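The same subunit A turns up in both complexes below, where it pairs with subunit B and then with subunit C.
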Partner chain A sequence: MATRYLGLLGGLLIAALTCAGSEARAVTLAPEVQACLECHREPSMELMLPSGESRSLYVDEEHFANSIHGDKLSCTDCHSDIEGYPHPERTFKNLREFTLGYYENCKGCHFDNYTKSLDSVHYAFLSKGDLKAPLCVDCHGAHDVTKPGVPKSQISKTCARCHAGVYQQYAQSVHGQALLHEKNGDVPVCTDCHRSHNIEDPRTVAFRLKSPEICARCHGDEKLMQKYNLSTGVLQSYLKDFHGMTASFYSKEKASPSALTAVCTDCHGVHDILSAKDPKSSVMQANLEKVCQKCHPGSTGSFPAAWLRHYEPTPEKAPLVYYVKLIYQIFIPFVVVGLMLQILLHIWRVVVSR
Partner chain B sequence: MPSHLRVAGTEKSHTSFLVRFSLRQRLEHFSIMLLFTMLALTGLPQEFFEARWAQWLIPALGGIDRVRWVHRLCGILFTIGAVEHLGAVVFLVVTKRINLSMVPSKKDFRDAILTLRYYFGATEEEAQFDRFDYRQKFEYWGLIFGSVVMIVTGFILYFPALTARILPGDLIPAAKVAHASEGLLAFLIVIIWHVYNAHLNPDVFPFDTSIFTGRVSEERMLKEHPLELERLRPQRRQPHSAEAVANVPQKGTGSGPP
Partner chain C sequence: MMQAAVFNHELQAGESKQKYYTRIHLLHRLVHGFLMTSFLGLAATGMPIKFNWAPWAVNIAHSVGGFGTILFFHKFFAVILTGCFAVHLGYLFRVGFMEGDRSIFYGPGSMVPRPKDLFDMFQHFRWFFGMGEQPRFDRFTYWEKFDYWAVFWGMGVIGGSGYMLWYSGFFARFVSGWVFNIALLIHSEEALLAVWFIFAVHFFNGHIRPDKFPMDLVIFTGRISEEELKEERPVEHERLIAENGLTAIQTDAPPLWMKNFGRLIGFSVVISGFTLFFLTIWAL
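And then the complex of A and B:
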């Protein structure tokens, strides 16, 4: 606390000394921010780094004022190492190291999200020494932090700065098209499936096996699916079938499964997912054979027909399955009740005879 | 002279025993008992995988992959057993070593009706049975037809891609339904019917050991298979007379299907 007050005092002192006649702006910034800006509003202000890179020290006053922190924070809340002028000497070899130097500054307020980010695949790369892995400011910005997800498409565009290939696929998908062209807020953006701070490595078996759950968050939502005339039965029909049953057992097993089993994305696609009614869709009857062959190499001919395409067996959709089921539904109780009656009669007769 | 056809007598009591099941039949029963148990243990939790007991049992047995592996292995062994049985029966019938004592006849239907009438007290006359009564035939043929369904659908599910190359694809989900339902039916029949007849039935309680020892007392034969005993009688006048039985297998006393 003392440091902060000292910093603030120092700022005020500088402000009072150097710029008595600063112009008033529409956005009112805290006096201590104004104090810092006395120097840092100079666009040409920069720091030369040993790597030869230069780091601009310019702060756009308007950006900061309009940022989510504009009316909440002052400079030294984040730049807590700076107490006054002259600033303490800090040595950064290069630009990335400069950013990394401020990495921990957000956690003072955003401790929960900071902690979550430690579980992320990004942090895993960072801790292995990959300094390109994104830090808070790489996604959120620094002085110009705005509320994330406004508009929603901004999230995917943020990820696209590094994951351009994935973004291009996504933009063509049924979800991406709705997001970008219809401004549809129901469709998932990157973070809806991958989460934001604790982004998991999506290439693991555990993530694969969890993925039906991710899809089901929306595709199991009755109200939401009704809006688009989609069935919520897809999860149940998947889980009841061979693949879904296998996946749900695999996901509970400690050891890694010996084989892969199909999850939603194996048939429907991941980022490039299309409407099942789209002729280009991988799950379109005409394209299904190729999809099956990804896991069942020898499968040809009628093999895709083995999959009931999420339908419950009805006389129209799958007559053979329906009637086999029906026959047994009648036959099993008939036999069981018949045998039990015979047993009861036998016991009764034995008792009577005695 | 096959030893299993010898009449055994216990010296302490004066009960004499007849050999009812050959060693092959006893081994067949023993292996089918083990395989059926294993198949039910690994098959039923796959069908009712959403139930809590199945959610517990499958991991307890070593996970879904191992459960499936054991199930398929037992299925293959079961198929080998079925082929062996079929081969043995065909061979024994062709070489006239057994007659077709397991084939249902008109008498079985009459016996069933008579027994029902007896149960209801409409008659005091009890049906008299030969080597196999109608209930035993029902269970045997139930097992045969059930096994055919289980083996065929089991292999369809084991090799779906191969199946689809020659047969319509919707046969595969239909086979899945049939395999699960037929398996459940077989399980229920064994639990209700077989356990009653072999254990809980007041006549044999607590345990009908004949399929394990191969022997049945003459007293029981008289009660349960009097017609068979009657046919054997002429040869049974002398001691060790059952040896003679083996020499006249066309009388239908030999190793018919279990």
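And then the complex of A and C:
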């Protein structure tokens, strides 16, 4: 009898281990959690709010067990206002107020990210009274919090819940295509440019002016760009040209500049950015005139020739610029040093003659 | 008291007995004054833009309110310098065409180089190396003419390219875009040449040439002493004697206030100029 039981136990153990390996972690929920689940595992459990909305009070045991907190937290770690049963009376007018009521609970552990989020454009909206602005749980989930960015595309999909229009554009872009179709992890998702917790308002002049730096984080990375046969000289060549030089002046100003200058995204596009080799790309030769006209109305077909196309002036590309520069590099020292020598010779002559 | 003492000292030095002649008329002194001020202004506002990565450039820009502000002042000084250029061209037109004095274009008093200038230059270098006598200069030496044409050329080229960049939208109607790349390059490189030329070569000419140290005041007083004229510009001196023209240009000794004014302006500009000269060298 005993050996039979042992065999059964062994089999169960193996089955459990295999399950754990193939599915999620087998987490034993704390007895305290089990106690709460006594009631909250009932799917029909809900709270009627004065607004007429209902709030489900059901907690999916499996979701919670598989969440990143499943083996770390118990219910009252977050629901710290509840100590036992009956629960203290709490009045929420509507669903959003319910969520907002628990908004500050994450900061107990995630103080860093909580304070960062206070600098975000989302929080700015919230503090102005826009209750639709996202809170921690809106992006991360509540009982089912998982590791963010697994898979990477999940991040952009999370933002898409509110920013659907931007996501549509992004999904068509060279970055989005690579992410969604090639599962390429090198391309940026929303948070790579916009950051995650301290998301800045991208419509400010300051954001515009530093946006080339954001692009350059990847496009200035030699190793990364080599993989895709892209040049890393794009930032330097931008900074040396009209627009980049103006942008770098402006970024050194304390006050906001009165005029704007083109940054990467003005020509290449932002969320809808395409490969410069794509015929539909806004920076394609055929489309360039239209791009210039966005800021230079009335500019004609020859106007885009002012732009050196991210090329360093060489005898092959932009020979005129190259040679004029070269001539000055020889001519200027020659003239200045030559004339100073003449003066010094004059003085020397007078001194020795005395 | 102090001033009187200095004045007496200068009287005792025999300056009152010395004859003085007008070398530079008031109009030219005034134009030079405006030219000098606006050029210094253009250099002080343009070089921080050219070397905008240098810490001193950022400091200069921020001391007046940022790069946008110095660009405003740059354009302001550009208009003044353009005015100087226009006044000068108007003067040449008036004297040369309306008054019919064509010698302004080829005579010994002209700024236009003559074969003599080339010979003078060779002779000057021979003399430097102890191979001959010092050349006898006329009203303007060859390096003074070079100075003049360098500025003349610079105003045309830097000014022209500058206005092209200022009104790029307007010029883009007539020229292709690549012209602006060249205009920007020329404006910037030619300006650096101009700054180094003025702050090194021109200042050396005015301040440390033999007999000029510490400063040749003629551009501020407009007056040259008989001794200087005879010594430095013997051909002009002889020509004036032959033409009986000396008495017509004889004038009083430069008053002390004028000399001190010249010294004050001269040395302030030299200090600012040398500062910019070294800052631009440092930023290279």
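Just so it is clear, the second predicted complex is superposed on the first by the 327 of 354 C-alpha atoms of A that agree within 3 Å, B and C clash if a C-alpha of one lies under 4 Å from a C-alpha of the other, contacts with A are read in each partner's own complex, and residues count from 1 in each chain.
The working rule: a contact is a pair of C-beta atoms (placed from the backbone, for glycine too) under 8 Å apart; a residue touches a chain by one contact, two chains touch by 3 or more.
The structure displayed is predicted, hence computed values, not measured ones.
Trainee: For the three-chain model obtained by superposing on subunit A, do subunit B and subunit C clash or fit?
Mentor: Once both complexes are aligned on subunit A, subunit B and subunit C clash.
Trainee: Applying the document's definition of touch, where does A:Thr232 land relative to subunit B and subunit C: first, second, both, or neither?
Mentor: Neither subunit B nor subunit C is touched by A:Thr232.
Trainee: Quick one: is A:Gln177 in contact with subunit B, with subunit C, with both, or with neither? Answer first, second, both or neither.
Mentor: A:Gln177: touches no partner chain.
Trainee: With both complexes superposed on chain A, which partner does A:Thr300 reach: first (subunit B), second (subunit C), both or neither?
Mentor: both
Trainee: Determine where on subunit A the residues touched by subunit B overlap those touched by subunit C, and list them.
Mentor: In the superposed arrangement, which is not itself an observed complex, subunit A uses residues 242, 245, 248-250, 252-253, 255, 257-259, 296, 298-300, 302-308, 318, 320-321, 324-325, 328, 331-332, 335-336, 339-340, 342-343, 345-350, 352 for both subunit B and subunit C.
Trainee: Where on subunit B does subunit A make contact in their complex?
Mentor: 46, 49-50, 58-59, 63-65, 116, 118-121, 160-162, 164-165, 167-174, 176-178, 181-182, 184-185, 188-189, 192-193, 196, 201-203
Trainee: Under the stated contact criterion, what part of subunit C meets subunit A in this complex?
Mentor: Touch list, subunit C to subunit A: 49, 52-53, 58, 61-62, 65-68, 124-125, 127-128, 130, 143, 146, 169, 172-173, 175-182, 184-186, 189-190, 192-193, 196-197, 200-201, 204-205, 208-210.
Trainee: Please output the residues of subunit A touching subunit C within their complex, sorted ascending.
Mentor: Residues 242, 245, 248-250, 252-255, 257-259, 296, 298-300, 302-308, 318, 320-321, 324-325, 328, 331-332, 335-336, 339-340, 342-343, 345-350, 352.
Trainee: Where on subunit A is subunit B touching in the complex?
Mentor: Within the complex, subunit A contacts subunit B at residues 240, 242, 245-246, 248-250, 252-253, 255, 257-259, 296, 298-308, 313, 318, 320-321, 324-325, 328-329, 331-332, 335-336, 339-340, 342-343, 345-350, 352.
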